[in-house]
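Here it is, the structure, as structure tokens.
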Amino acid sequence: MTTGTTGRDDAVRIAGARRAPRALMDSWILVAALAVIAAYVRVIWFTPTEATQGLAQKIYYLHLPAALNAYLAFGVVFVTSIVYLWLREERADRVAEASAEVGLLFTTVVLTTGPIWGKPIWGTWWTWDARLTLTLFLWFIYAGYIVLRGAIVEPSLRARYSAVLGILGALLIPFIHMSVYLFRTLHPMPIVLKPSAPSLPPEMLHTLMFSFAAFVLVYLALVRARYRLSVERARVEELEASLEGGR
Amino acid sequence: MEHGSELPVVEAEGLVRAFGGRRAVDGVSLTLRGGECLALFGPNGAGKTTVLRLLAGLLAPSAGSCLVGGVSLRADGGRAARSRVGLISHASMLYSALSARENVEFAANMYGVRRPVDAALRALQAMRVADRADSPVRALSRGLQQRVSIARAIVHEPQLLLCDEPYTGLDEAGSAALTEALGERRAHGAALLLVTHNLSEGLAVATHAAIMRRGRFVRFEERAQVDGASYASAYRELVTADA
Amino acid sequence: MPDATLDRARVAGAGVDATRLPGLLRATWLVAHKDLAIEFRTRTAFFSALVFALLGLSIFYFAWDPTAVAAIDLAPGVLWVIFTFSGLLGLQRSFGVEQADRAMDALLAAPVEREAIYLGKAAANFLFVAGVQVIAIPAVALFYNVPLGNIWLALAGIAVLAALGIVAVGTLFSAMAVNTRLAELLLPMLSLPFFVPIVMAAAQTTSRLLAGRPEAEAWPWLRILLGFDLVFVLACTIAFPYTLDE
């Protein structure tokens, strides 16, 4: 064992030597990417344009599925946090971490597509629309979760603290929801045109569901990739530690 | 020295503590009876402090069991076991804004000591620091702070005293007071676990000596069977082997 | 042959009678009392939080255009936002005092329930925050020329509920943040989303009361505040032991 190079280089070399580099193009990501492209094609060319809102409404097919998946991701964080505190199973913590990062990504998509859609329709970039506000707070909780994880080096402490935050954050969401809705009913905003689910014509509904399915695939693929990344990282750290111990 | 009842003060069996993948303590068993003192030596990172923290109830073992004064560390949330343990460390664990007296009284109250005010004063007197009882701790020198910290640890007359480099920072008078206090505890049937790097200091008070390495005991014997000089060289060999 | 159980209690040198260990309430009181004694001795944190609150109120005053917004509309928002931020200052130091000299180890080694440590500190923080409010609320009335006198009882009630919520969440996050590398940044970042329902409910209730609107309108907000307190005091008390390394 060399003492000249750092332990880390050795560890990475050992870890890398046993597996072929694969990273980006694993099958899940490929399928998910294809699904998203298919969804887009369908949205742009094969779905009727909404009469009143025009082309801008099409971003809705991106916006709503992203929002639903953001909440799905958060639900997963919540459940895996409970599992971790209960069973102290490291894998639960890794899934939570992966889901939180992907969730942050989706939430950002929602917060950016919302205004892009809103501007032509509401005339303003931002409005404290109840759902948008709730999503904004979801973003804050995700961001806090990820910053918390970044601020702790020791893995079991990091997992425990993240799990506590994951659970408390989930408890917070209903209160934000209640507060924002109460606020909105007492401070009526200008009426906005929003496509509501039941009255969507069938082609639009199908496109929406297709888009949603594509996004779920993206979620699963990204979480899986991120999970594998954290497994690799943990393995590198372990190898590092044992190399240092052996000196 | 009377060994009151037959019950050992500490009975640890197969203690394991893992942090992530690394086992800081990897199968430690020990039994200490009243009046005994185990000096625990070992290089840095051997797991000595982790053993201490396990016995103090600050860490839960990943595996293995431990009884303190006949009570399991896990019983009643660990409270019954912790009530019998006193902890001395090189960190003073004191509140610098409060006075020495207030610090020791707080400890006495937290351990449910009868007549906490009297007990606190007695403890401070035993450590020869009662004349500064009302000074805020931050106004005291490091050595005096350590004495107050020891008073805090013994105010509830613990059956098991866990000491991590307790002589650090003590001058001669302080060291004498500490040795006296430790002797007094042992005379009352308490057991001591002394972690130290100072072989001569440790062997001077110990009835048993152990060397720890990589989470395990590599040597464990009675003090009477140990020859100071050869022990010292054996220890040095073990320590340098790890460096 | 001596009775085995008696023997256990009498194992040499037991200065502690296991049945006299402090229970949850007593231990909570001991910890709270200790924290308050430390705070009283140094007074710096309380004073800083108070000065910060008064400064904040003043700055808002000068940032305000009285011809655009009436004082009665502005005051509730300012009051409760400043309340939150000055509360954070107090919460920052809550577990900091245990870190110096590793006093936390002594607390954890003590034969008390872990929850008592959390509840004791939360109680001390509550008194701290309430203390700042006792001065900040009249200061708002003074600076903004807003008649708070006739609703002072209701305001006190809101302050108590709001302080409870802030302290429940803030004490827990303070315990966590103190062990991380970004303690001063993390505490506000984690806590503020949780403070939002509290601030909203408190401010909305206050402005309704000030405007002389019927109490029934304030009720839905108070319900949210009450619910929040109930849920989070319980949840944080349960969560605290999980933040300890055991």
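Order of writing sets the labels: A, B and C. Residues in every chain begin at 1.
We adopt the following convention: contacts are C-beta pairs under 8 Å (C-beta built on N, C-alpha and C of every residue); 3 or more make two chains touch, one makes a residue touch a chain.
In this text the structure is predicted, and so the values were computed from the model without any measurement.
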Could you find the two chains linked by the most C-beta contact pairs?
-> B-C
Would you identify the chain whose C-alpha centroid lies closest to the centroid of all protein C-alpha atoms displayed?
-> C
Quick one: which chain's Cα centre is the longest way from chain C's?
-> B
Whole-Å gap between the CA centroids of chain A and chain B = 49
So how far apart, in whole Å, are chain A and chain C when each is placed at the average of its C-alpha atoms?
-> 32
Rounded Å distance between chain B and chain C, as computed from the means of their C-alpha atoms = 36
Flagged in chain A as touching 2+ other chains are 156
Per-residue overlap in chain C, given as positions that touch at least 2 other chains | 245
Enumerate the contact residues on chain C facing chain A in the complex.
-> 169, 172, 176, 179-182, 185-186, 189-190, 192-194, 196-197, 200-201, 204, 220-221, 224, 227-228, 231-232, 235-236, 239, 242-243, 245
Would you mind writing out the residues of chain C in touch with chain B in their complex?
-> 2, 7-8, 10-18, 20-22, 27, 30, 34, 37-38, 41-42, 97, 100-103, 105-114, 245-246
Can you name the residues of chain A that touch chain C in the complex?
-> 85, 137, 140-141, 143-144, 147-148, 151-153, 156-157, 160-161, 163-165, 167-169, 171-172, 175-176, 178-179, 182-183, 186
What does chain B use to touch chain C in their complex?
-> 2-7, 9, 34-35, 56-60, 69-71, 77-80, 82-85, 87, 89, 91-98, 102, 106-107, 109-114, 119, 136, 152, 156-159, 185, 188-190
Touching chain A in the complex: which residues of chain B?
-> 19-22
